[in-house]
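Consider the two complexes below, in which subunit A is the common component and subunit B and subunit C are the respective partners.
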Partner chain A sequence: MLSRSNAARIGFRGAVGFAWVLPSTVFLIAFFVFPLIHNGLKGFTESGEQSAVTSYARLLTEAYYLGTIVQTLVLSLVVTLISLLLGYPIAYYLVRYADKSANLIIFLLIAPLLTSIVMRTFGWKVLFARTGLLNMLLQQIGLTVRPINLMNGYVATVIGLVHVLIPFMVLSISSVLRGIDRRLEESAQILGANKLQTFLLITLPLSVEGILTGSILVFMLTNGAFVSILLLGQGTIHTLPLLIYQQFMVTRDVNFASAMGNILLVFALVCLFAQLRVLRRRN
Partner chain B sequence: MPRKFRLGVIALRAFVVIFFVFMLAPILVVFVASFGTRDYVSFPMEGFSLKWYWRVYEYKPFLNSLIFSIELAIASTILAGLLGVPAGLALSRARSNLGQFVTMFLLAPLSIPLIVLGLALLYYMSLLGFGIGFWSLLIGHAVVGLPYIVRTVTAVHRSLDIGIEESASILGATRWQIVLHVTLPLIRSAMFAGFLFCMLSSLDNLTISFFFGTATTSTLPVVMLSYLEYQFDPSIAAIGVIQMLLTITVLLVVDRVYGLGKLNIAD
Partner chain C sequence: MAIGTTASSDIAIEREEADGGTASGWLTLDNVSKRFGQHVAVHPTTLKVAPGHLMSLLGPSGCGKTTSLRMVAGFEAPDTGAVLIDGQDLSSLPPNRRKLGMVFQNYSLFPHLNVSENIAFGLKMAKRGAAEIGERVRTMLDLVQLRGYDERYPHQISGGQQQRVALARALITNPRVLLLDEPLGALDKNLRENMQFELRSLQRRLSITTLLVTHDQEEALTMSDQVAVMNHGRILQLGSPTEVYERPTTRFVAAFLGTSNLFEGTAIESEGDLCRVKLSPSVGGLEEVVVPTTRRVPSGSPIAFVVRPEKLQLSIDNSRKNGFAIEALVLDCIFRGSYYTCQLRVTGSNEPMIAYLQAQEAGGNDMPRAGSRTYLSWTPSSAVLLDEDLKC
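Take a look at the complex of A and B:
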């Protein structure tokens, strides 16, 4: 069997030429890039109420819309932080302690992704509802006498979003943790560091790349999150995706919706760029 | 082992258990709720009834949209597969900057907020004359599902020893023969895993499908969403369970027939 280096020397570059990427590339340019460019340019040819300039001016100066943009970013930040705080220990356990149960844990992490997001979010509604499971448990334990309203829109939405996105965080961190040379930790301990010091000074700094990758990913996905907020937010949460949905359904102000979409797109591109920087640092 | 350390490990273990209860809770709750007897979701459960599953069968939009969603998922995965598998094979060994850029480009739809893409596609498609309907949905789902296929094929093909294809070439096989008889059979299991992810993303896709929904071309998530806006009864739970069982069945069948292999999901 020829090794990889031998094959390279002989000049065999694989059976498939680079041109094989053309169909998919052309497809994406036609149906992914062009629509987004078309959306981005929309409204710049019109003037007055419908013009793009007016739209962006309104979005960036009027308090309501500015507040929506801020709410979007803040929600993403909150979900990212919670996912990080809860997800890191899981990733650590997965890599360091789970030998026999590792496959089970990975399966349990991925399994929810196999179910419909509508179903999962509905499940949270059921848990939090007045006649739902949590209320029943609280009454049975004796903490409450009547059903209480647990459906604080913001808390329920955050829980729903963390539930959906935390697997991404755990998998990002665990893949980096796996690559950390354990001898570094052992050396630290030989030199006298205790477990906590080893973790804080050796493991944690070495896993920063995983933290950044996971955080950027979760942040970006929360920015674009729509279903969970729609179903759990109870009308109290206003983020950009929801606003776009409302603009489209209710006011039919397409140019305005497109402008909002472009702002959201800019956020996503910034996150993509940041992720590239993190990956570039690895190499 | 020092006592303080043991306590830490036990606490961590407990945390992991609680975490997975948290992860599975909504799914289990929906499963249980689907058997409720009352006309609204309520706990404690008073009885055990299959009437909501019967209601799913009776309520035409649920059944029709489920069938439509499945057809759409299969069709869009075939399209994405035809586009993505060759690209994945070509990009797996590409070390150049151009190769890396193209890989990133093909994976880009994963990172774009779907609601922006859906809105943009809607107006773009009507500009092109496609309108709303099956073809627009097909294209939209293929765009969103393509990254899953490219990612899986690239990852598994990269781990294949190039010497195998090289030997086939030396023995006189043409390019097509190598791909059809050597490469594809070898990457088959992971390729099907990629197909599965693509199909699941299509089945579950709400944001893009929502823009293209009509009376005849609504997908199941869109129908479920509009149902939820007016009702809170267990039939949503029932249809959710049915969909989940379908997914698990397909997973098991594919695994049994082809074997899903190790999934490179961490990247």
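Take a look at the complex of A and C:
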């Protein structure tokens, strides 16, 4: 009797617990899982006038679209590398040398994230313009006579993206650096390693997890970046998000747009899988 | 848990060759001091460690022992004075060029390198050939009894094994001086006692000058040739373990090394190597005692002396000759296996007295009962006069 009533109670509790998660489950299924599946299948249906070839085949065979995919990945790679090269020293300084200024540095780092993306991007446009602040400065100090075309698109886009994504890199690396026992570095030094050897043989290998986590984050976020590329790229950069926007809003080829979206989704999943592997190795 | 003898003699030979056959390894701290902002970590201190000797710096945390060690290592620069090895001033050398070995409290093994890579690190930095490195790593693995563990990573071996790896890593470069920073602090009690013997016999066999930092008095007493007891950035007493334990000169040393019962009073007169003392306040009905002294004590000067708990006897009657006895009330007794620890209340002392009694029979039948009246007695020679109070 007792065990039966217990079982009933547990069953009842389970039911109550399920009731709590029911709304969010229904919401996610209706607005996330279903559209995802629907979207995934859409790419296999007819696309535009080319009825025989499915969207995926077109994306992966036509030079223009392949080029776009490559350009998306290359841009992400460039932004990731620059963020890493700039971010590692910042993270190192933040953890090792900054005591009182640490909060200020973190604030400055995440400030771009607190600013509206449109404001931020137009800010860069103002700075980079032919008669903008940067060109005026360069002319004043005599580095150039005529204004340089800083708004050529690619450079401006990379700068804009690095600016907003670098905090992800710095915070990922600094959290791992902070966890490194300083006595490991001291051990290496006592054993005869100089500062550079200590960094290359001890500190850097031990911070690889932070580097990977930060890189994966920046890579994924650049893959999906849209406004910065649209406004700063001046039409010179064609990445998948821009193409999706075109297909969806201009060409109105929804099937093709969703196929591209799914390609991006696959990249994101690969990145997430890589990140999972990194985290698992840590444990 | 014995150390492989054949392997260690190889190492000893190698050391002689490395040193060119001359005995060396004098470590000198010459008037070194260090302050961090307003806080003085180490007052000007001079300390000499003879070649092949093990000196421990013993004291509570924050006493300056670790700062002293870090100055020898080169991680902290002394504000005054210098650290010398065989007369050579190390001040201008960074840690990586001081040719020292060091074992840290948590061993600090490189987590991304396996056991043999960890041990080989120092030789790699010295740019030795792969063949030599491989051979010496094997010798070291034998020496610390970790043959077959070379492929394991630090997190895959036990604490005791990690400790041995750390030791092997520190010794493989034939360092001039070995620095040990609480090397056994992270081990559990049994393993710690084993490692004390092991570390000590290894250190003796390699006859390597060693500076050990510890807050564990037992570790310092069992392992050292010399103990320097530190507090508030100063060395309070320096001597062999028995000297420091048997003849503490200050209240701090007496209390920090083992347990002691403190008595205070004033000198009445000193004759030869004995001094008559009037206890103030009188303790347990006793007014006057005689304590041994190594020098003349002026009449009327304040006196403090201690009696170790194992030197106190408990007896029912007051008939002991050649000694002093005070009345006491047993507060509590604890069975400790081979002996009892008793707390006793005596008049005139706020702190309870502590006495150790040998257990005579199994089962604890001879344990004094709490609440019973007894006499505590000691012979004059077992009292230790503290110099500290004489100076002021």
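Note that the second predicted complex is superposed on the first by the 240 of 283 C-alpha atoms of A that agree within 3 Å, B and C clash if a C-alpha of one lies under 4 Å from a C-alpha of the other, contacts with A are read in each partner's own complex, and residues count from 1 in each chain.
Following the convention adopted for this analysis, a contact is a pair of C-beta atoms (placed from the backbone, for glycine too) under 8 Å apart; a residue touches a chain by one contact, two chains touch by 3 or more.
Predicted model only: the values in this text are computed from it and were never measured.
Where does A:Pro205 make contact in the superposed view: on subunit B (first), on subunit C (second), on both, or on neither?
Only subunit C; A:Pro205 stays clear of subunit B.
Looking at A:Asn135 after the superposition, I want to know if it touches subunit B, subunit C, both of them or none. Which is it: first, second, both, neither?
First partner only, subunit B.
Quick check for you: in the superposed arrangement, does A:Ser187 touch first (subunit B), second (subunit C), both or neither?
Second partner only, subunit C.
Hey, is it subunit B or subunit C that touches more of subunit A?
Tallying touched residues of subunit A, the top partner is B.
Once the shared chain is lined up, is A:Gly123 touching subunit B (first), subunit C (second), both, or neither of them?
first
A:Val155 contacts which: subunit B (first), subunit C (second), both, neither?
Neither subunit B nor subunit C is touched by A:Val155.
So, A:Phe31: does it touch subunit B (first), subunit C (second), both, or neither?
The answer is first: A:Phe31 touches subunit B but not subunit C.
So in the complex, which bits of subunit B are touching subunit A?
5, 8-9, 12-13, 15-16, 19-20, 22-30, 33, 40-44, 82-84, 86-87, 89-94, 99, 102, 104-106, 108-109, 111-117, 119-121, 123-125, 127, 139-140, 142-143, 146, 150, 161-169, 175, 178-179, 182-183, 200, 203-204, 206-207, 211, 220-221, 224-225, 228, 232, 236-237, 240-241, 243-244, 247-248, 251, 263, 265-267
Contact residues on subunit C for subunit A in the complex?
73-75, 94-102, 104, 106, 108, 110-112, 121-122, 125-126, 169-170, 173, 179
For a test of understanding, state which residues of subunit A touch subunit B in their complex under the given definition.
Residue list for subunit A touching subunit B: 1-4, 6-7, 10, 12-21, 23-25, 27-28, 31-32, 34-36, 38-39, 42, 86, 89-90, 92-93, 97, 105-106, 108-127, 129, 131-133, 135-136, 163, 166, 171-172, 174-175, 178, 195, 220, 223-224, 226-227, 230-231, 241, 244-245, 248, 254, 257-258, 261-262, 264-265, 268, 271-272, 276.
Applying the document's contact rule, which stretches of subunit A touch subunit C when the two form their complex?
Result: residues 181, 183-184, 186-194, 197, 202, 205-206 of subunit A touch subunit C.
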